[in-house]
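Some structures are shown below for you to check.
First subunit A sits with subunit B, and in the next complex the same chain sits with subunit C.
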Partner chain A sequence: MTTLPLTFLALAFGAEPTALDALKAYDALMAPPHFKAVTKMTAHRDDGSTREYRMTVLKGEGDKSRIWFSEPAAVRGQEMLRNGENLWVYMPNLKRALRLASRESFQGGDFNNADIMRADYAADYDATLEVDPSSPDTWLLKLKAKTKDASYDSIKLWVQKAPLGMPVKGEYFTASGKLLRSAKFSEVKDFGHGATRPSLITMRNELATQRFSELVFDSLDVTAPAPDSKFALADLGR
Partner chain B sequence: MTPLVLLLLAQSPSLVSVTGYLDSRTTAAETLGDGAAGLNELVEGNVQLKLTPHERFTVQADASLFWQGAWFLHGGDRDLPQYRPMVVLSEAYVDASPQESVRLLAGKKRIVWGSGLAFNPTDLLNPPKDPTNPTFQRAGAWLGMLEFPFEKVALSAVVSGKTMQQYAGLPTALVWYPPSPSFEATLGWVPDVRDDEAHWAFMSRLYLLVADTDVTVSLAYTNLYNDAFQNKTRPGLSLSRTFGGLEVHGEALWQAGSSRVEVTDGCEVSPVQCFLRGVPLASRPFLEADWLNVNAVVGGRYYFEDGGIFSTEYFYNGDGHDPAGFQRLGTLFKQYPALVQAALGQSQDPGTPQQFAFVPLRRHYLLLSYQKPQLFDDWTVFASVLASLEDLSMQLVPQVSYEPWQWLRLTLAAYIPLPGVPEWGVTIGEDSYGEFTLSAYGTRVLFTARAFF
Partner chain C sequence: MWTLLAMAWRNVRRNRRRTLITLAAMVVGVGAVIAVRGVLNGLQAGIIRTSAEGQLGALQVHRAGYLDNILSTPLTMDFPVEPALLDRLRDVQGVRAVSPRIQFAGSIAKSVPAEEELPEALFFTALAVDPKTEPAVCPLRKDAYLDGTRFDDAHLVLGSALAESLAAKVDDEVVLLAPDKDGSLNGEVARVGGSMHALLPGEPKVAVVPLALAQRLLRMEGRATELAVAVDDLRDIDAVKPRLAEALGPEWEVHTWLEVVPERQLIMRLQDGVSAIVSVVFLVLMLLGVANTTLMAVLERTREVGTMLSLGLTRAQVMALFLLEALVLGALGATGGLLLASGFVARFAHGGLQFRAPGATQPFDVLPFLTLPFTLVVLAVAVLGSVLFALYPARRASRLRPVEALAGR
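Here is the complex of A and B:
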């Protein structure tokens, strides 16, 4: 826990960050140790119509997160739980939880489950840091999956030099090198208690370019309690 | 409402969540047996209520009101009890956590610990479900539960009393039969099957998340609860894990003996003579047997990159019949279906009406299903086939759903029974039947409209 402040101190004196510094800074901004957020996802489809989902996200220490869906009515009561590599969905119409694969599409939108429920890129990817001449205020992080269980085989992530790690855009690739999705991070917002991050993530499906999904953070509370009991499989549906 | 609930409501702002749906299911069917409806309309109004007066206390309920109509009955139109309006209280319980890792629950709740999706051999508590669409069954059992849930470990103990009689979805007798016979039994419409026994179950389980695997070890003790076993102890095991896009699972229940009904040899062709000679038509000869029996499921789901899901489960039913036993049972069933249904026992709360009621009679089953959501955004295609591997008869269920709005889902499905290999099924005279063509229904077409609120 002491390495990150020391890194920031070094950076303040002009030292160039390492790729891992930049990646950890991104993880710290996008996934604080624990938080509770109220979000809305809007999926824009090929025909121009939209589908909206409202949910509450609770992130706990480590790689734990849980989502409660409140809208639309067809998915109200549905929940998702992530604990490390394990992902479950609670289905109210089945009255039980089922295991899910991380790469499955999140509610049919253009995010996948891991995009929403896991942001520990430093654990999942090896990173190299490059300069992108076309974007002098950013670093280009090139990420390569450490294991085949990672959501994407490789990622290009543009993050601001200051504040370090603040994401600007991302590109997500398959193992064959095909561009699968691209993301734009915008509308940086101060949510209080030091939590300043983009409040809007626009994820575009590059295989069907008319499709994209927007994830808006209405609130983000980094002081909300996230006890371990909320991340127990037995707690789903309560 | 109890004083405790009122006190909690007064102390903290209550959070009430209400959801539900209005559902219309219209079924047109090819009828093959007496009482089968050529046209059936089932309308369901469902309400799910969640009251959270305190973060450690919730009250939840899930109730449905059904209106049913049946027309073009095989054998002539008449009033049939199974098509009357009814109320189904699927769940109604209070759930409290007096401490961080202590949970107390009382009421009616559907609790499923096993990892199987279509089949759950370790589930001894709940009403049966349709393996081709498990979402049709929402109902649970009346029970009390004490649980110690932790992040990767949970210990649970459940005591359940069987519903012996109910009215308007509410039990009028739990554990023991009421002192008076039912109205239908008084009129002689159904036999008076009351006994003086306590019908109850105790279930316990240890859940562990080990090496990214869900492990559930269970132990059940039942007495005349959903089957004919008395004082029966049964261990169970369930496992589930994902490997990339593949989920694999297994679930098994071990027991001594079997509660299956065997038709007495010869009685299937001349049941009247057996009756006159005082020979029982059917019996359960293996209830007290000490040989080890198992009911087990192994299966998996594969999540394709395009959102498609392929699912399969193999179900070994240790309580199933051998070919000779199935021939006797099937022969009797085709002639006297009500008699066999009574012998098999409708000993449990059926829960919500099922589109396909599955009673496994053989030993080996395979379920295959494939779902492709978001076809042209709002369309989902789904197909499942449930096959009896011993005669290769099967129930084929193709289905297509359309969601014009997020609050409305329209579904068109067909239930197509296929006879399989004639020589491996039941032969009566020159006719042959597979397990899935014994029913009073041929092909059925179902149209469902469900509006969520």
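Here is the complex of A and C:
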């Protein structure tokens, strides 16, 4: 985090950013150190039907996050918790938390759990910076997973040159290089307190191309308190 | 003719050692070909029975398009299990029983006291069946269950690989987590009723789950994705299929178990192909032995042939004599081979030969049996083939000039 002001300083003098600079700028935009957001995910399925999830997301320092689901009725009372590498879902009917895998689909949509619950790409991926001639205003970040636990094996991420790191689109691949998902980041919105970022992420399923999911940020409050106590396993369901 | 046959019989017995060696080759050849086919018959009948009556059901009914979509979201292709629908299937001629099922995937973890954190969940695929109606469709399913296994509305049965990974014992509580029909997560608690053998090696993590539990977990009360159908006679399966399809209409699809697991048909075809090639090689080698024996006899008995021709036997009669000798050899060898194979098959026809696929935990009982058409073809090839392979030496004998033959040239 301390390198960030330096990065911006360097950029102000027109220096070319490094891949890590661009990736950290992306992380800073998409996952501020802590925030509280009210979001809506709509899963569009093969048969044209949709399912809408409403949830509150709380992110704390150090890769911790928690989600409270309020809609639909089937998942009301469910919660998800991420703490570092660990991910749990709390089932109100069982009054228990069960472990989830990062790569599993998030509530049957086209995002995976890590897409929603973890955005620390700089920690999970090695990046190279390239120029995409067809898109002069963006850098093409090529990310390669550092570990098997990363949510994708490789990612191509197009981010704006200014403001640096603002995502435009992404492509997400399997180990064999097969395109799994593609994302579009749009409707950049000023959420206040310097938080300006895309408010709509559209994730298209490239294996079942009729399917896609939309994630809309209704609000994003980077001043909301996020005490560590909210990210304890024992706090789920309370 | 009878005189010639009697002479042929005597000639065959003249060089006993050579005849016995040739016969031994024939008995082993014919015996092995028939016995191997008998074992293969038993193995394939076992595969068919286990597949149709222990796992899949003879026929499966789904909403149209289900099998093509099995990798994406098959739970959305569900339907209400209504008595009228089940009756419509049961009324089809040749249908013996019907039972609803759901196939789904989820994760499972062994339960621990509430204050402790649950261990890592394992991904598994489940077949949900109705404990009351499933036995009528797949009566052999319980054969795979370990002794003392309970399967009812509260107890599920774990595949051996899954039971081992979970380290779960009978009556342990487990927590199931799965995306429901709409993709939303849901969880349910169940008890382990026991575990079941893996039929084939490398079995993935599987479980058989009571239907009612699956319906709660998947939020699909009263619904299913599959109807398993048993038929009166497995041999009529291809006749029952179109009748079912007609009774149900275009919104449904009907598949035989072989269409659901085409790789098993491929395996059986491969077995048939390999055994056919081996059989042909065996029989040809054996028949070349007969040809060799006949040729030796002709060469040894050149003077004798000369004498016969001088005494007034026609060339056709000489040729017939040697062909009859080959026929006698062939008939004796084929009979011996048949007796050997029958003895082997009879020995194991009831007790069964126990096979165990490497890595599988369930021994596979093979009850060998013979079929008339195949056996008759092999016997005919052995007998007629002997005559056919003796044509060249016999013809050679019949073409000898009496004077030169008498001189031994």
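Everything that follows uses one rule, which is that the second predicted complex is superposed on the first by the 237 of 238 C-alpha atoms of A that agree within 3 Å, B and C clash if a C-alpha of one lies under 4 Å from a C-alpha of the other, contacts with A are read in each partner's own complex, and residues count from 1 in each chain.
In this section, a residue touches a chain if its C-beta (ideal position, glycine included) is under 8 Å from a C-beta of that chain, and two chains touch if they have at least 3 such contacts.
These numbers were taken from a predicted model, which means no experiment stands behind them.
Student: Fit or clash for subunit B plus subunit C once both are placed on subunit A?
Tutor: Overlaying the two structures gives a clash between subunit B and subunit C.
Student: One more residue to check, A:107. First (subunit B), second (subunit C), both or neither?
Tutor: Only subunit C is touched by A:107; subunit B is not.
Student: Based on the superposed arrangement, let me know which partner A:93 touches: subunit B (first), subunit C (second), both, or neither?
Tutor: both
Student: Touching A:233 in the superposition: subunit B (first), subunit C (second), both, neither?
Tutor: Touch partners of A:233: subunit B and subunit C.
Student: Which of the two partners, first being subunit B and second being subunit C, lies in contact with A:45: first, second, both, or neither?
Tutor: After superposition on chain A, A:45 lies in contact with both partners, subunit B and subunit C.
Student: A:33 contacts which: subunit B (first), subunit C (second), both, neither?
Tutor: After superposing on A, A:33 lies clear of both subunit B and subunit C.
Student: Which partner reaches more residues of subunit A, subunit B or subunit C?
Tutor: Touching more residues of subunit A than the other partner does is B.
Student: In the overlaid three-chain picture, which partner chain does A:85 touch, first (subunit B) or second (subunit C), both, or neither?
Tutor: After superposing on A, A:85 lies in contact with subunit B but is clear of subunit C.
Student: Going by the overlay, flag which of 217-225, 235-243, 379-387 or 397-405 in subunit C ends up clashing with subunit B.
Tutor: 217-225
Student: Please report the subunit A residues shared by its interface with subunit B and its interface with subunit C.
Tutor: Residues 45-47, 51, 72, 74, 91, 93-96, 98-101, 105, 108, 233, which sit in both footprints.
Student: Can you check the complex and tell me which residues of subunit B touch subunit A?
Tutor: For this pair, the touching residues of subunit B are 17, 19, 21, 48, 50, 58, 91, 95, 97, 100-101, 103, 109-112, 115, 117, 134-135, 138, 140, 147, 149-152, 154, 156, 207, 209, 212, 214, 240-242, 244-247, 249, 303, 305, 307, 373-374, 377, 403, 406-407, 409, 452-453.
Student: Give every residue of subunit A touching subunit B within the complex, in rising order.
Tutor: 45-47, 49, 51-52, 70, 72-74, 76-77, 83-87, 91-96, 98-101, 103-105, 108, 148-149, 227-229, 231-235, 238
Student: In the complex, go through subunit C and note every residue touching subunit A.
Tutor: Checking each residue of subunit C against subunit A gives 72-73, 76, 107, 109, 114, 117-121, 123, 175, 177, 179-180, 182-189, 219.
Student: Can you check the complex and tell me which residues of subunit A touch subunit C?
Tutor: 43, 45-47, 51, 53, 72, 74-75, 78, 89, 91, 93-101, 105, 107-109, 208, 233
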